[in-house]
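Both complexes shown next keep subunit A, but they swap its partner, so subunit B is in the first and subunit C is in the second.
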Partner chain A sequence: MPRALSQRLFAFAGVLVVAAILGFLVLPAVVVALAAFNGRAILSFPPETWSLRWFVKALAYEDFQAGFRNGLIVTGWASSIALLVGAGFAFALDRYRFPLRGAIEAVLLSPLVVPHFTVGLGFLIIAAQVGLARSFTTVVACHVVLVLPFVLRSVYVSLRNLDRRFELAAASLGASPGKVLLTVTLPLLAPGLVSGWLFAAILSFNEFTASLFVTAQRTQTLPVAMYNYVREYADPSMAALSVMYIVATATLLTFANAYLGLGKVLNVEHAR
Partner chain B sequence: MPAERMAPAAANVVPLLGRQDIAVRLDGIVKRFGDVTALQEVQLPIRRGELMTLLGPSGCGKTTLLNLVAGFLSPDRGDIAIDGEVVTTVPPHRREIGMVFQSYALFPHMDVAANVGYGLRMRGLARAEIAARVAEALALVKLTGLGDRRPRQLSGGQQQRVALARALVIRPKVLLLDEPFSALDKSLRGSMQVEVKEIQKQLGVTTIFVTHDQSEALSLSDRIAVMSDGRIRQCGTPDEIYRRPADRFVASFVGDANVLHARLERFEGASAIVALGAARVAVPADALSGLAAGAPVDLFVRPEQLRIAEPGQAVATQGIVATHVYQGGHVDLYADVAEMAHGRLLIRLPGHDAIARWPVGARIAVTLGDAETVAFPRGADAAPLASGNGPAQT
Partner chain C sequence: MIPAAAPRVDAQPFLRAFVSPAALCALGLIAALAAVLQYSLRAHIPGSLDAGAFTLANFTALLKPLYARVFLDTVWICFLTAFFSLLVGYPLAYALVRTSNVLVKSVILVTSVTPLFLGEVVRTYSWIIVLGNNGFVNTMLLKAGLIERPLQLMFTTFGVVVALVHVTLPVMVIMLAAALAHIDRDYERAAGTLGAGPVRAFLTVTLPLSTPGIIAGVTTAFAWTFSAFATPQLIGGGQVNMVSNLVYQLGFASFNFPFAASLSVAGLALTFAVLGLLRLAARPLERMGPH
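Showing the complex of A and B:
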């Protein structure tokens, strides 16, 4: 039966709207990616000539290299410390009942009510007081605070979904509590732990607002270095950096998803 | 002999039984969850090598009792002894128990062989011995060759076999089975039950089996402890439980029972004579002690003990056939009878011609013959349960 014209028009309009929204979502990435291949020294769209020179320049630029190294140091420490602390809190919240448990849970799991610049400013003031101003310690501590809720949530969700009977079965088979943790609990939580660490790492590596307050020339992370660059120059190296960043993150997440099944951790599909 | 060296707390609990005959002793167990008392003064000795079933409706405390034996919970009062040793405060991993969970709880990140060998690795056995014993255990449950499969690649029945092998391979002092058949479909359940029973007898492992399914309990157990409201109502062989239920709860929960309004006529030694219509039937006197002659009693009669009266036989009750349920080997005939305490009278008749001989609407007279029955004072205790009261339940 042929559909009425109005129905077909309506369906067509629907397709248009969806396409427009999707286009709008990827538009910034597309614009930046194309601008990165511009042959000329201006950030324009669409590019008039094509070149890879801005990739070469971005990779060779010393502040970016230092920022990348600093970023890796800060990210590695911050997300690892956040994983340990967050996993500890997640275990405590899941397994034990204690005073103020509800309040602690709410604080640790709440979406970030404190803005990043407040956290950064706070750490700047504290660090100056204790004589750690503009050291890596301060940057790492600041990032731990910022990414902790994400790690905690990831581990906590995995723990809630973990069937306690696996642990009881292990205990009945002669495994001491420590052995149960090592041979059953942690392996079953591994996807949650790794994905928690991964998201913390991505957040930390990207973090700009708070980092601007707590980093110095010696400790500046990549986003801060990019900000400092863009204040003085407006060539497409920034865009080239963005493209490399997107490709690297996408590759990392694709591998992580293939090996760990992040869908399960993110509750996209149910574990059983 | 190590079993002779007794921990003092268990020393004089049962002086008559040889101690080595008792594998697990539950002594005055009390367990509360908040305001709810899950177990009240439970006393249960379990003999070596027997299959003891804890049977009861959900919430009766049977699973709590199993978790106490496993060590997953600790009692508020009382003691648990395994092989004569008080283990009340011993953590689960030092109790030498094997447990099969309702959901099997197979480790999803290990293959079948690693699952089965887990307990042996925890005991620090040599690699070669572990491999040999895992192979032996897999052969026992007929899963030879499936050692490298992952649990999720197995069917429900196979998963259960792995769970059983994993629990048995450590040669546990006690095997605990927590409703292990409830997740299987009906056809598989029967064959798995037979198999588990055979393996249990072959190994002679003391087993505690928890179920709410009374037919499963009757068919598998050496002895049954019927539980309700945190108490053991009766402990005995399936036959004792079925033919000589100790109280109304046991009589209604285990098997189908017709509850008929009858009258106590007199006591005769250890028996009481109960009158129902023109029929007289002897029941154990102890359940009726203290009642005067003529007192109203409830007579519990199994459906297979009732027969349609032949001319000349004493008629216990009369009624109108309401409906039939054809069961293949027998016919369940439901009749409306005035003396029933509730629901319809259920008569289980052998053969296939019962439907033709006594069609719906036919008037029938029923006789008790020399049926083995029990009676309890009218209306005391336990509400009627949903067994044998109408075709809706079958």
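Showing the complex of A and C:
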């Protein structure tokens, strides 16, 4: 039947298109890997010799090491604070009525639209005025605000999908509101909290534009160190570091997808 | 009888503890944005980080052709990026939602979401290696004998847009997929039984029903592109300038924070204006959508 044939051709073309787009998405990662294992300092495709020397050089580079340490400090604080603040507010947003509810939500979600360079500039100006210019406090505060929308969203989605009958059962059996929250709600929310924290941590660790404004030499995070490196040097150390970055991020996300259901968190499939 | 005052406290337990930290964060963000607004109205004192008297001079200076040009270029780049990421993102989102193969689904999901979490610097650096004069694309084309001299891909609007589409694609896919996942497939089946082919069913049923996702995706892609800094800075290399690059240059090369602030404010106003227009333009489309 001609219709069945045309449908098959249509489906086949669709598969080709999707494969091409996935190729476009993966291409930079593959090319960076080729460059990273290249034995020479000059790019050539495919590499004439293979080596691990750029990985050794990247790991030994002092600015990268310091950036990694600073990044861990900033990310650890920022993602944990954002999780506490965001989870509490998502809970209040889901259950309660209070003054300025919509206004606070709108302000907290605004970093999704307000350019990061504007937020960074604002934090820099304020920090300079209160004498905290270029301290870790400023960087952490800035990151908390930037990753908060993602925590809010992730926790809010899990709250929506939570079966409240468990809480009602516990309450009717005499548990106090605090006990219900700690022994029923919190464990049920765990996947949403973990994925919210994970998102926040990954985004904070990789945040660049605002960090460029609010960090100093002493508080420079890894993306800022990498940016400075790319501007000054052209050897493939940066490619080696990128490969480590890509592998680590993809691994974390695959893990998140397998154990937490990335699709549900991102709201791209029906929660069942 | 129940005492009248007691249940009010328990109706919303821990309300204060849950809301105050968030309110504090919101205040911090408002203070930061207010600081930018305030600086944008102050005079620049050369050689000092402090700002001078209140003035509108920063905004009148924005009307100079040099700066007006950067604003136009920025909007054009944002438009191109949003358009192409929609074009490329739609098939991917469709496949993500409609495939029944779990493995294919998770491959598409992780592949399309990973760039979102990589950060701008790593992504941009990767594209430099792909697009450079002795980069991947040029080497392959030269080897294949398709070109004689390397194509100029770096430092062009084309190069910047390609790298930016790579950045905005994940958000676009997430938003389109969210919309597509919530479409009741019975509508398509109904169109099928009424004699519509797959193409026609898609164009007259699925596409209009996914309009909310398209609008959300395009507006977010637009706003994110406006926010991009490392990509136009490194791939544009001074040849392609966006507002973000100008703000950084003024802030850190000339230490003219008031002017950098006024550029930010104007940029923000422009973003909201364009987003508002986009929504307005999309309204007739939305009416065709779900009823």
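Keep this in mind: the second predicted complex is superposed on the first by the 226 of 272 C-alpha atoms of A that agree within 3 Å, B and C clash if a C-alpha of one lies under 4 Å from a C-alpha of the other, contacts with A are read in each partner's own complex, and residues count from 1 in each chain.
Simple rule for what comes next: a residue touches a chain if its C-beta (ideal position, glycine included) is under 8 Å from a C-beta of that chain, and two chains touch if they have at least 3 such contacts.
Just so we're clear, the structure is a prediction, and the values are computed from it rather than from any experiment.
In the superposition on chain A, A:Arg165 makes contact with subunit B only, while subunit C stays out of contact range. Residue contacts after overlaying the shared chain place A:Gly86 against subunit C, while subunit B stays out of touching range. Look at A:Thr118: by the touch rule set out above, it reaches subunit C but stays clear of subunit B.
Of the two partner chains, subunit C is the only one touched by A:Val144; subunit B is not. Of the two partner chains, subunit C is the only one touched by A:Leu100; subunit B is not. Applying the stated contact rule after C-alpha superposition, one finds that A:Lys179 touches subunit B and leaves subunit C untouched. When subunit B and subunit C are set side by side, the one touching more residues of subunit A is C. Of the two partner chains placed by the overlay, neither subunit B nor subunit C lies in contact with A:Val155. Legend: residue contacts after superposition of the two complexes on their common chain; A:Thr254 is shown touching subunit C, with no touch to subunit B.
Overlap of the subunit B and subunit C interfaces on subunit A comprises residues 177. Listed in rising order, the residues of subunit B touching subunit A in the complex are 70-72, 91-99, 101, 103, 105, 107-109, 118-119, 122-123, 166-167, 170, 176.
Listed in rising order, the residues of subunit C touching subunit A in the complex are 10, 12-15, 17-19, 21-23, 25-26, 28-36, 39, 49, 88, 91-97, 105-115, 117-130, 132, 134-136, 139-140, 166, 169, 174, 177-178, 181-182, 197-199, 220, 223, 226-230, 234, 243-244, 247-248, 251, 257, 260-261, 264, 267-268, 271-272, 275.
Residue ranges of subunit A in contact with subunit B, taken from their complex: 163, 165-166, 168-177, 179-180, 183-184, 187-188.
Contacts from subunit A toward subunit C in the complex involve residues 3, 6-7, 10, 14, 17-18, 21-22, 24-29, 31-32, 34-35, 42-45, 84-86, 88-89, 91-92, 95-98, 100, 103-104, 107-108, 110-119, 121-126, 128-129, 141-142, 144-145, 148, 177-178, 181, 199, 202-203, 205-209, 212-213, 223, 226-227, 230-231, 238-239, 242, 245-246, 249-250, 252-254, 257-258, 262-263, 266-270.
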